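Down below are the structures I want you to see.
You will see chain A twice below: alongside chain B first, and alongside chain C after that.
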Partner chain A sequence: MFEAHSINAEHKDLIHDVAYDFYGRRMATCSSDQFVKVWDQDENGDWNLSASWKAHSGSVWKITWAHPEFGQVLATCSFDRTAAIWEEIVGEVSNPGEKGMRHWVRRSNLVDSRTSVTDVKFGPKSLGLLLVTCSSDGVIRIYEAPDIMNLSQWTLQHEISCKLSCSCLSWNPSFSRLHPPMIAVGSDDPNPSTGSKVLIYEYSDNSRRWSKTESISTITDPVHDICFAPNLGRSYHLLAVATNNVRVFKLKPLQESGGVVQRFDIQTAAVFDDHYCTVWRVSWNVTGTILASSGDDGCVRLWKANYMNVWKCVAVLKGDGTLPQTEPTTGTIAQPTLLSSSSSARYYKLGSISHPNQVPWH
Partner chain B sequence: MVRPARKAETSAPIITIPDPACNQVGLAAKWVGIDKLAVHACEHKTVDSPDSRSGVAPIDSKVHYLRQDVVLFDPIVRKLVNEASGLFIAGQSIRPATGLEPRSDTVKLSRQYRSILHDCIEHLQEESTKQKKEYYSRYVAIFYNIEFVWHLCEILYVDVVAGDIVLPQLTDWIKFHFSEHERIADTILTGYAGSRELTSSGAETLHPEYWNTIIGLILQGNMEHSRALLRLHSLADTEPFLQAHKFLRSRPVYSVYGGLSLGEFTIRWKTWQSTVQSEIHSGTFSSQKHLLTIMKIVIGDESITEVIRKYCSTWYQYMVALLLYTDPTVKSYDLSYHAQQCINAYGGQERLKLLDVLILALLESDLQQVIQKLQFTSDSGWAVSHLSNLLYLCGRISFEKNYSKDSDSIQRLDERLLLDYGTLLLSHHSLWQIGVTYLDHCPSEGRARLELCLSALPIDNEARAKRIIQIAQEREMADVVASICKVLGMRSLKQNRLGNALVWAFRSQDSAFATHLADLFLQRYNKDGVFQSSDILDHLGSAMLICDRLTFLGKYCEFHQHYRNNQLKEAAILLTELLVSKLSPKYFWLTLLTDALPLLDSEPEPILSYSDTCQFLYCLEELISERLDSPTSQYSSQFEEKVKLIRLALAKNMARTLTLEACVPSNVTANSTMLGILKI
Partner chain C sequence: MTAKTMFVTQEGPANALALNKDNSQVVIAGRNVFKVFSIEENEFVESCNLRVGKNLNLNFSCNDVAWNTLEDNILATAATNGAVVVWNLNRPSRSKQDHVFSDHKRTVNKVNFHAIEPSWLISGSQDGTMKCFDLRVKEAIRTFYSNTESVRDVQFCPHSTPIFAAVSENGSVQQWDLRKPERHVFQFSAHSGPVFACDWHPEHSWLATASRDKTIKVWDLSTAKPSLEHIINTIASVGRIKWRPQRKYHIASCALVVDCSINVWDIRRPYVPFASFDQHKDVATGIAWRGDPQIFLSTSRDCTLYHHNFKDATRPADKANPQGISFNTQGDIVYSWRVNTSTNKSSKLPGLLRRNAATSDDFVNANSSLSYFKKSNLGLKGDNAFLLCAQRYLLTGRPLADLCDHNAAVAKDLGKTNVSIVWSIIKTLYTTKVGDFGQQTPSREDAQSATMSTGHIDRDKKDEAGDIEKKVNKTPNNEKDDYENEEDEKLKLAEDPAVSFGDFFFGDSEMDPLSIDFERVGNIGLTGGLVTTTDRIDIQQPDWTLPTEAFALRHELQDRSPPPEQFPNSDSPDLNDEATALGVEDQPSSLLCVSWCLRLPHWDPSNVVVAALKHHASQGDIQTSASVLLALGEKRRSLINNAELDESTQEQWLLAYIDMLTRFKLWDVATQVIQLSWIMSVCQLNQQSTTVHTSCGQCDKPLIRSGWLCDRCHTANSAICALCHRVVKGLYAWCQGCSHGGHMEHIQKWLETNKVCPTGCGHLCEYT
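Now for the complex of A and B:
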């Protein structure tokens, strides 16, 4: 069912985040070792390290790519209370086609936070070059690069305090004239009495302000990750939340009639309890059809809605103490398989256990 | 630490990632594009976690890049993908049926699908005899099963027989897919062809499979072959054989177009049965054990079912064999009952595999179940998408209201499957264009998904970019086109290919980007005195109107052209216009004024008029005063030198023009300002 290609990322400690560029051809990794690494996939499918640098003076929590319309731009956030913008510079080339020397420069250091910056995300490209960060003291900051040709200038446009320690955020990617810009923020405040841990903020063109328009009252447990699904012409937004289970919410904007009571009709589209304990990460695929969640049970579970909108687990991935027969080398790994005859990247088939009862667990 | 997973209730496959770190601390996953997944070991932190080294460091931190094993991307199977897309497109011109009666166009389409499947299986079989044997024979099995299911589906739902008499078709279906008996019969028959008289011993002694083959053929309703084989028996001319031969030949077979009503047929069938029955009772066949079995089979003797079961490897063969001789006019709605009976005889529900479940669902007319289960076949959705579309065209499945009660989105049942199939193809580097055609035919979500997928296609080279843009343009997806052009423009800029970047800026109509590029061109000209990509700049045409700065750049290049062609008059007019119209950026004024030098010195006639010269002078003064005001700018000697030269040339030209223009009586202003100018 699946075949894998393992890349030794050469970080000295665990990887906190992996981000792929818009096309899935470049990979950026960040780690507790305070380094960021960028990998490029060549025509053969192999991943090659193209840059590695010490980015922060604390663990680097998250890394994210800007849309390629803005060039090759990364943003990172760290325990060292800063977020940083990085741009790749290509050296002068004498002939077109020749690859120039590349290196990454820190274009800007966003130092407004007084605590660890826990998440960083670029906004939808239609809004220009926007960046939002959130920090453990509960402040959301929205920055803008007014001139996309000059990434050293970022202005702090909005600062919103949500009074709860923020752990994660997500832009609603479906920006259109119908929906104002929207951000969902999750909090991992452990105290259930502080109320909802998922807050929705929207930007109003009239007041030129961001304001909280909704909070999902059913979630009072800590939230560790949050992710809007890409919207493909739906009338509602789909939001996945990682808390003590995986939840998918449908947010349907309500027509404003008279006094605005509620902004959205919020429905729970799915709840998956299969991780049995804390869920840490959620990720949608490009088309928003499959959700990957990972939790304390040490598994990644893939969820897909069938044609009747009933969600089902389609695969479970879990770590295995045994290595593939060949020890991985830098960049590439393992036995060549028949399938990859067309490319040289070596993929190996992943072992699959069809009967859960036979899972050896120790 | 990772807590052990409890016994999972899901039937989803568990896939193991060979990485000890993942096992120790847990996993995190991130999607890459449409169908790839990156998995890495990840220790989860909360806001309160201290920033310390993880317990497992130092460790080999690995990223596992997972992709699906897609059968369709195999070079041989790819042909099937290509051909199927052709049929699919052709099929979309068929108007979905309103009634359930068979139509020649859908039947033809279904047969064409099966025929390309056949070709594919044949190719795979050829390949499986060469190399990668195990690998390709697995593929053969996948597609063989699909063809088997498709055929049954065609019989029951596409090529529906009038009067709902399905058994003849079902028999053909079994005959077609379990052809071994017929094959053996053919070898036996050809061995005897023409030489029967010469052999003394019968076929039954020469061929150990003789009787098995005949019974197998009988159970598939193949009377011709079994009769021909019976003729080869050494005792073929004895009474029991002649009788058997006669009965097998005279067995009534129902045909819708046979001219018999169902009632008349049943009477004939019963009569024939009782004739054979009485012959059995009279002991005609008692001497021939095998012949007796055959005769009992054909009259549907209940005592013989155990024997039949031994000859049938699957429950559906068994079902067809039983029905042939017990209920030849069975209606399709009764099949479900018979299927259940036969499944019970074969070990019950627990022993059903995916293929059995599919066949059962087809017999039970549970198309939802068929579609759902077909998604689990290993063909990456080829069958389920095409078959469900075909069933939609046949009016068998229709619109599905999404399950949530408030949802107003109505989606065709086959659409989600087509969407998934199209998207899967779009993720492939060379099959993506086929994927586009599938998304084109998904009315509710296809367009939005295509927009998303098109803009996310990696742009490796310009040829590919142009192809993607063309596809987007044909569908009037302006945003996609603009976005791709912007990305390419930015990429060219970062590679220092300004001309190329400018071309992409035109295509995306991105005026801010064009302004930035025009500035870069001008600044570089300031520095080097030459334009990059001058061929593009010289032929901007109306494209220059995208932004003021580019208009200026274009006009400025025009000025150079005039100058090169020695059209000094035109050059001078243009230069003055450029300076006066405020189109020109200030950082470029000095360059413009320097360009004016040769025009100011022109002999014998001055080209620039007095008032033009004044304009030039104003600009120069403004530039100087700005230089003085701004503390950052350095009053370089080079600048000073240039200013001196320009001032001198301006003064000279002014004097010349003033003298000339003052001679013209009407020119009063010239006279009045003469004194003031002399101060310079």
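Now for the complex of A and C:
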């Protein structure tokens, strides 16, 4: 199902984030070595390094692409307490027809945080050019570029303190105008007594403020990554959370009488314990139907809901590519002899739901 | 030895601290504080306050303090007024001041005792000199001129007794020999900014330097030429550095500004602090290891003195996310993960791995691999079904039954059986029962445009006896005429379909097959000619989506200027009136009948259809939901009226589908969806911010000031009329196919008799 290819990234330290652009033909990586690299895919499908530069004076934690409507724009955030906006520009050429040299320039440096900036994300295109950052001292900052043609000017629109060290955030990408702008934030605070580690903030047009509308109380372990599923046409939202396991939550907006205050009916759609270790990342495919998770076990696991809305593991990919194991269910032939073997039995466990109270919502 | 993190707060910030030789006492010194503490198990106990006496002059204001390496009662301070002061704790009087050396002209930055000859004291001053004092004779025995503005730090080499290093604000490092005061042994430029501190490695011939350029550099001075061994990049100017005892590669640093934490780095992994101490509320001013690699003390501008233990350190690397994962449009996955080079394979237990990472060797082995999982095409068509469906689906321009049949076939061909069935059911529900009229309900826009062009044909035929060319000749030199021109163009092409099949045509001409076919379908459709129509269209299939788009884009921009026309309700009466008046009964009658007939069935399928569409949408198959809605055309109104499918949901689906299409770069399909849309906010997507940028044909520089003269190359070559070869300074008519053009009148005259481009490029030009 998948061919594994290794890319020699040549980062001198850990790679903390990889991000595809909107079309999936460019890729950016960032690392503790303070460098950002941009890769372009050629016609053969091979990835070629197209740019590499020292972006920060500390580890670069996250990297994210803006919608191409705004140009080739990247945002990075770093241990050095800043977030930066980068734009690729094409140099002037002497002869017409010649291709200009392309290079990345820093358009803006957002220096409001007093601690490490742990995540940065561009907002949905429909809201204009918005950027949200969160920092390890628990402050969420929402910036806006009032003029989308001028990426050097960003105004700090909102500053929200959530009092917990933030590690990750995600915009709700819904296209529906019934869904107000929404951000989910995860905290890596190791202390379980500080309560919920997933907070949901919504923007209210009436009060012109962001306010916390929900917190998912069942998560008290540190959260390492959080991701809203792309919502192409659902009336509810799916939120994946990477903590000591993988969890998927279904958030169904409850329309209250006035239609002003929206709260959610939050249900746990799935819990997967298969990594048996810290889960670091979760990511959705573009249609929001397949969830990928990766943990300290060095495996990427892909999850998909079946027609009964029961989530199952559909593939396990080994990071080093040596053992790209695929889930036998693709063939739907479950040989009884294999069932007894330990490896196969493990697969069957993958899709199971670990807790009885997670089932009855469908 | 105590192992607890503890602190004491003072009345003022200390600039420096020093430990006595057995590490049991600490002295802190600043502008307003000068105290000795003994370090107890759980607390600091003040043993002596040296800032006493009636004459508290600037001699008490300290930049630095040093504890004698042999005698436990002797201290030296570097005063801000340029004095070097020696203190004797054993003096019986309250004042412990022993001697004041006033040799320096400016403030003294640093004092240090010689390790082996404890009566020797060296100082580095802002006046650019270093002085060696002998406490026995109580005078400066040597002066070293650095030839720099100021000396920020001076440190005796622990390996070679007469050697010391000095760093300066100009970024240079000097090595001196006490015996040769006339000239430094060597000097090199170490940093691009002022160097604030240096520290000799306790065991190796390494000198670390700290600078305002945010770096710590480690130099090997054993060779003739100093070589740069390591660079640590920190986030702020580095104020102080101290090697960690018994750990070859570890060095502690504190920043001068911004960063309040004290970081311990492993020079082999120079990007992430090995450990971080965040207790201080302001920047730290001094660091001193207490002999033990686990314990050190620090002073800070927040007026505290801290006793730190490594067990209370934070490990920034542990919080760092070691993995990255991302999906792209094609379903490929890119994955980066930390490579465990350690052979410890037994670490299957959760948590064990993380704990190992805290040890130094694992910490240093920080490498990531990057893998790319390409979703392999197993030769199945279903792999990029979205893309192919989007390209092959027909959404308009034919009777619904046709559309459904076609789309069902496409879906089936691509292995999407469920979707295929949906299309078949839609066909069954909406076409068979009501018979003929249902077969040709095009979307509103098409009906409208078709009616309008037919209308024009009729009218024009009456008015102008079909003399199309004549109409084109009419001087269309202002915007008002554009609309008419457009119609004329259409008209002309409608009259002469052959023109439109030139394979190099772009732009308006390609809309043509559609309207013509549509009319034909309109005529044939009723008489059971469906099969033949389908067959005929199948031949042209690949051309179907693009022509619609190319035509309607331009047309609608003009057509739609009064927004209220967008609404079907306000629109349909006109449409019907016009249509009936013109006697083209097929389309209007169907339009009229839809709403009427749909009320007829005993069973309203709307709820089922909506449920099906919602199901597909929730499964991420927005393509089916959006396509069915689009293909249904006017019939979708029943879904809206009879079932719960509110406009915002429809909008969400369309926007989501458009977003997906743009991800796959299917701009033509996306544009078609926008055009076929019945929701205001979606329709307008095409009408926003369309700008035509002009550039000089010679040098590619954008034309800013005028349209005919380039600011850079000062030529007007790009604006020359193809016919009269003069510069066009007013309206420039140009062909979008070959981009040649010229004066409007000339081009018009030329086209009266010619069809090809006047430049002779061979292009069959279209001026619209």
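We take it that the second predicted complex is superposed on the first by the 305 of 362 C-alpha atoms of A that agree within 3 Å, B and C clash if a C-alpha of one lies under 4 Å from a C-alpha of the other, contacts with A are read in each partner's own complex, and residues count from 1 in each chain.
Methods note: contacts are C-beta pairs under 8 Å (C-beta built on N, C-alpha and C of every residue); 3 or more make two chains touch, one makes a residue touch a chain.
Just so you know, these numbers come straight off a predicted model, no measurement behind them.
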item	value
Fit or clash - chain C, chain B, common chain A	clash
Which of chain B and chain C A:V310 touches, first, second, both or neither	first
Of chain B and chain C, the chain that contacts the larger number of chain A residues	B
Touched partner set for A:R81, first chain B, second chain C, both or neither	second
Chain B versus chain C as contact partner of A:H16, first or second or both or neither	both
Touched partner set for A:D188, first chain B, second chain C, both or neither	both
Candidates 257-265, 473-481 or 635-643 of chain B: the single one with C-alpha clashes against chain C	473-481
Touching both chain B and chain C, residues of chain A	1-9, 11-20, 22-25, 27, 29, 31-33, 47, 58-59, 61, 79, 93, 96, 116, 136, 167, 188, 224, 232-235, 276-278, 280-281, 283-287, 289-290, 292, 294-296, 298, 300, 317, 319-321, 324
Residue numbers on chain B that touch chain A, as the complex places them	2-47, 51, 53-54, 56-69, 74-75, 132, 135, 371-372, 375, 400, 402-404, 406-409, 411, 413, 416-417, 420, 423, 444-445, 447-449, 452-453, 456-459, 483, 486-487, 490-491, 493-497, 512, 516
Chain A residues touching chain C - in the complex, by the definition given at the top	1-9, 11-20, 22-25, 27, 29, 31-34, 45, 47, 57-59, 61, 79-81, 93, 96-97, 116, 126, 136, 167, 174-178, 188, 224-225, 231-235, 244, 276-278, 280-290, 292-296, 298, 300, 317, 319-321, 324
In the complex, chain A residues that touch chain B	1-20, 22-25, 27, 29, 31-33, 47, 58-59, 61, 67-72, 79, 88-90, 92-93, 96, 100, 116, 118, 125, 136, 148-149, 165, 167, 188-190, 222, 224, 230, 232-235, 250, 252, 265, 267, 269, 274, 276-278, 280-281, 283-287, 289-290, 292, 294-302, 306-310, 312-324, 328, 338-339, 342, 347, 349-354, 356-357, 359, 361
Chain A-touching residues of chain C, taken from the complex the two chains share	214, 233-235, 258, 269, 271-272, 316, 319-338, 340, 348, 350-351, 353-354, 366-376, 378, 614, 616-622, 625, 648-649, 651-653, 655-657, 659-660, 662-665, 697-700
